[in-house]
Amino acid sequence: MADARGVLVVAELVQRRPSRLTRELLGLARRLAREAGGPAAAALLGDAGEETAQELIAYGADAVYVAAHPGLAEYHSEAWTAYVAHISREAAPAAILIGHGAAGGDLAPRLAFRLDTAVATGCVEARVEGGRLLFTRPCYGGNAREVVSFRTPPAVATFRAGACGAASRDGTRRGEVRHVLLDAGAAARRTRVVERKRDDAGGTRLEDARVVVAGGRGLNGPEGFRLLERLAQLLGGAVGASRVPCDLGWCPRSWQIGLTGRTVTPELYIAVGISGAGHHMAGCGGAGAIVAVNTDPEAAIYRDARYGVVGDYQQLLPPLIEEIERFNSRDRQAAS
Amino acid sequence: MARGEIEGDWVMGWPDRKRATLIPGKDAQGRVINGRAPLTELEGLITPTDVYYVVNQLEVPEPVHPDDWTLAIGGEIERPIELSLKDLRKLPGRTVRAVTECAGNDAGFFDYLMKGGRKPSRINQQDMQKRAEMREKGELPSTEEIGNESTTTCAVSGGEFTGVPLAEVLKRAGLKPGAVCVRMEGFDRGRPDLAVQYRSVGRSDFQLVDPGVINYEKALPLEKALDPDTLLAWSMNGEYLLHIHGAPVRMVVPGWSGNWWVKWLQKLEVMNRMPACYYQTHYFVYGGSPEDPHKHMITAMGVRCIIIDPLDEDSPLPRGSHRIRGLAWSGMGAIARVEVSLDGGKTWREAHIEEPREKWLWVRWSHLWEVDQPGHYRIVARATDETGRVQPQTPWNYQRKHFDGIVPADVTIV
Amino acid sequence: MRVVVCVKQVPNPEIAASQFRVDEQAKTVVPVPGVALVMSPFDEQAVEAALRLRDRGHDVTITVVSMGTESARAVIKHGLAMGADDGVLLVDPAFEGADSYATALALSRAIGKIGGVDLVLAGRQAADWDAGVVGAGIAEMLGWPLVSFARELRVDGRAARVERMLDEGTEIIAAELPAVVTVSNELGAPRAPTLRETMRAGRKPVAVWSVADLGLETGEVGAQGARCMRERLFIPEKRSRCEFVEGGSPREQAANLARRLREAKLV
């Protein structure tokens, strides 16, 4: 791939539409492609069809490589690796951008080794400098950041949410849709999905939430999350957690935000009883404003917070909920 | 009396005098692999475990959990058996209080008594760390470096050991006729450090046999093996053996020097001939020179008596009354008598032996000394054991083992 | 069944952020005096996953493999003390400066040399660079199936049955053996070594292999074999601009906070 050009985004769908992270990656791909030259392309796997391909184009893809197969609708490690590798060889991009999650975290390293190149995982920034692609990623539990470059093309990278603003939709954009087909035997399946268990999302997806209320060790037990849920519901948001409550079984595993959990970029992030260790902040550092509620005035979280309240959350949250409810009912009265 | 710094320690949370400590030699990981006992700073008859001297010939082995340990007994016996520690503890036990002494303890005094020169100090402890580092690197000292450098009074300690008589175990295995010795094997393994022997001899200008990597082993003559006080011990000084002292089980061979007290015991083999164990045919032997064809193994220690108070380093002392104090022990039985001479051996006075007098343990003795005249005094003391042996018993030998000569204390009164 | 667990020695990740320093010139992390080097916690959980197979009655031989300096012997010993059977330490000056690619190459060669391996386990990522790449790389280099982010691992005949973490839930994957599985923190706490196992560990065999022992050239491993280059290493600057919301009582504090958030149009 000596003449590698352009950027390829591996699309992730939520209800057949590009996920917010995919829209962000398309925006990033366009910028990098503009600076480094070449097209911004997308790889679309699954059974979403033409309409979704056109959506990807509307969000910035110049070309969409479609591998249409119902078996690819859900992420499958071997099949996806085979197909994305195939598309990558065909598109010959200089960089491949993938969302940093359970699928991307599995796919990207495999893909990189399959393509005989390297990978940067969990990136928060990418730029072109002197014609070279540079990727910034947190490491050492969020205590440090490293900037890496690649000796071999393509550069494979996974990105956390918030690395780039989402691309805006332009329904008038036109692009090319190419269908790729792989020999049936090419992705011989030695692994098979036996069962999938989805946690009851119970409302807004964490990644899409405008407000996230997250709890930590300082909640001192699972009961505290009931209070957080009330506040999140009131604000139209979602509930998250740091690693400790997940490990202790106070809340579902899928609520974990941080280096090894999910990355969220809400406008408002309310951190309750969270100390603010680097590995947690790696998952919420991109939030618009952080409100920290903690009993320890020295907690590291206050260094990242916009607003800080020192005190016992059990005494603070109920009046906060009441106060916000009062605003809301006043708004409703004003509106009627 | 503790001669070191006695102020400024916190013991169990309370301010107290500083406690005597081992002078340790450590390996690359900071673990103690040998140590010198601060004998002149200790009191009583039992040396506390954490200052008990440690000498190892081979590498200190990785520990074995007591539940994983077994002892195999084979050779010239009716029933080969393998005993766990639990099995061993089901046999009738015995507690023995005995002196453990390194064969090379005080070896430096051999040369001093024969050739004169600088008197080795009883409190001049050698640089154990440097020794350990050289050992790690496999370096050999030159003859010049060796000089008169030998262990002085710090490779001897008194302890209380609990275990099972070796005789009990042999009885259960059933000795076959013709058995002459029991080969005792430890799970400590390694290549003998030749520097140790060069230091012991005091020169390094001769060839040594290199046996390669071996397990530590000694073949104990049957008569000593059947002595009821020869133990397989799992306990020392009121607690389980520490790893560094040979846990789970070590040999206790009272009266015989430390090299017989095989640590980390893993195997006993009854034999009908004496095997050529490295540590009793090449090292730990009596002989006239490295080339002497008639070397023979060292066994029981001689009769010893040392003056601990006053030391040469205590001078000058004021006129008045002083109590001369010391320790005495023998490799063949209890101490019967200690005599003190203040005129270079012309006249001897009986010293007071402090009770108790036990067969294998040392005794403390003392003698009141009234001195009115300033001047230099040479104090000597000698011991006699219950078998009638009078100090000294062991002549000079080229490896300088089992020193039991009479060493004077030189004191200035002002 | 032979299981290999790949482990890495890292600076204790529990270190306070205030103690953390980097050397921007050398692009390395400055060791903090007194802060121990430990087995990366996810790798510890990978060892735990292997031991749980044994607990369930499988006849497993567990080999702990680590690439690093001589000091990495300590993490192999830790694995042995947890209950693994033997260890392989990959030590060679040529291994220095390896990226994930060069590391995966050396480890996959070591796994080949061990021979007869049915299952390779590793932590989902190491607690130093947090990359999470080497496990997948080993799978690709060996051509074996990969299941990443496992929270539970069982073996059923010739297949591994792995429950892996998804963003919102879990899935159970059946993977033919031999396979590579990376383990996530959801697996649960690793066991602490007992005194008895610690003592046994000291007597378990640890092989030491160099680049040549793996049939590799020095140019293929370490910094020379790396495909990724670190251009910069830095500590992100944090300018604290936190506004502390006060009040005479919790109720007043809460009201003040609500008002500030309202003013900022955040609620």
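Residue numbering begins at 1 within each chain, and the chains themselves are lettered A, B and C in the order written.
Quick note on the criterion: contacts are C-beta pairs under 8 Å (C-beta built on N, C-alpha and C of every residue); 3 or more make two chains touch, one makes a residue touch a chain.
Please read these numbers as outputs of a predicted model, since none were measured by experiment.
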{"item": "If a chain touches chain A and chain C alike, it appears here", "value": "none"}
{"item": "Centre-most chain, if every chain is reduced to its averaged C-alpha atoms", "value": "C"}
{"item": "Of all other chains, the one whose Cα centre sits farthest from chain B", "value": "A"}
{"item": "Highest-count interface - the chain pair sharing the most C-beta contacts", "value": "A-C"}
{"item": "Euclidean distance of C-alpha centroids - chain A vs chain C, Å", "value": "22"}
{"item": "Centre-to-centre distance between chain C and chain B (centres being mean Cα positions), rounded to whole Å", "value": "49"}
{"item": "Where chain A and chain B are represented by their mean Cα positions, the distance between them in whole Å", "value": "70"}
{"item": "Residue numbers on chain B that touch chain C, as the complex places them", "value": "62-65, 67-68"}
{"item": "Chain A to chain C touching residues, read off their complex", "value": "77-78, 101-103, 105-106, 109-110, 112-114, 117-122, 134, 137-141, 143-152, 190-199, 201, 205, 211, 235, 243, 246-247, 253-254, 259-260, 262, 267-268, 277-278, 288-289, 291-292, 300, 302-312, 315-320, 322-324, 327"}
{"item": "Contacting residues of chain C [partner chain B, same complex]", "value": "195-196, 199-200, 202-203"}
{"item": "Partner chain A, residues of chain C touching it in the complex", "value": "13, 17, 20, 22, 27, 29, 99-101, 104, 124-125, 127-133, 135-137, 139-141, 145-149, 151, 161, 164-176, 179, 184-186, 188, 226-236, 238, 240-245, 250-251, 253-255, 257-262, 264, 266-267"}
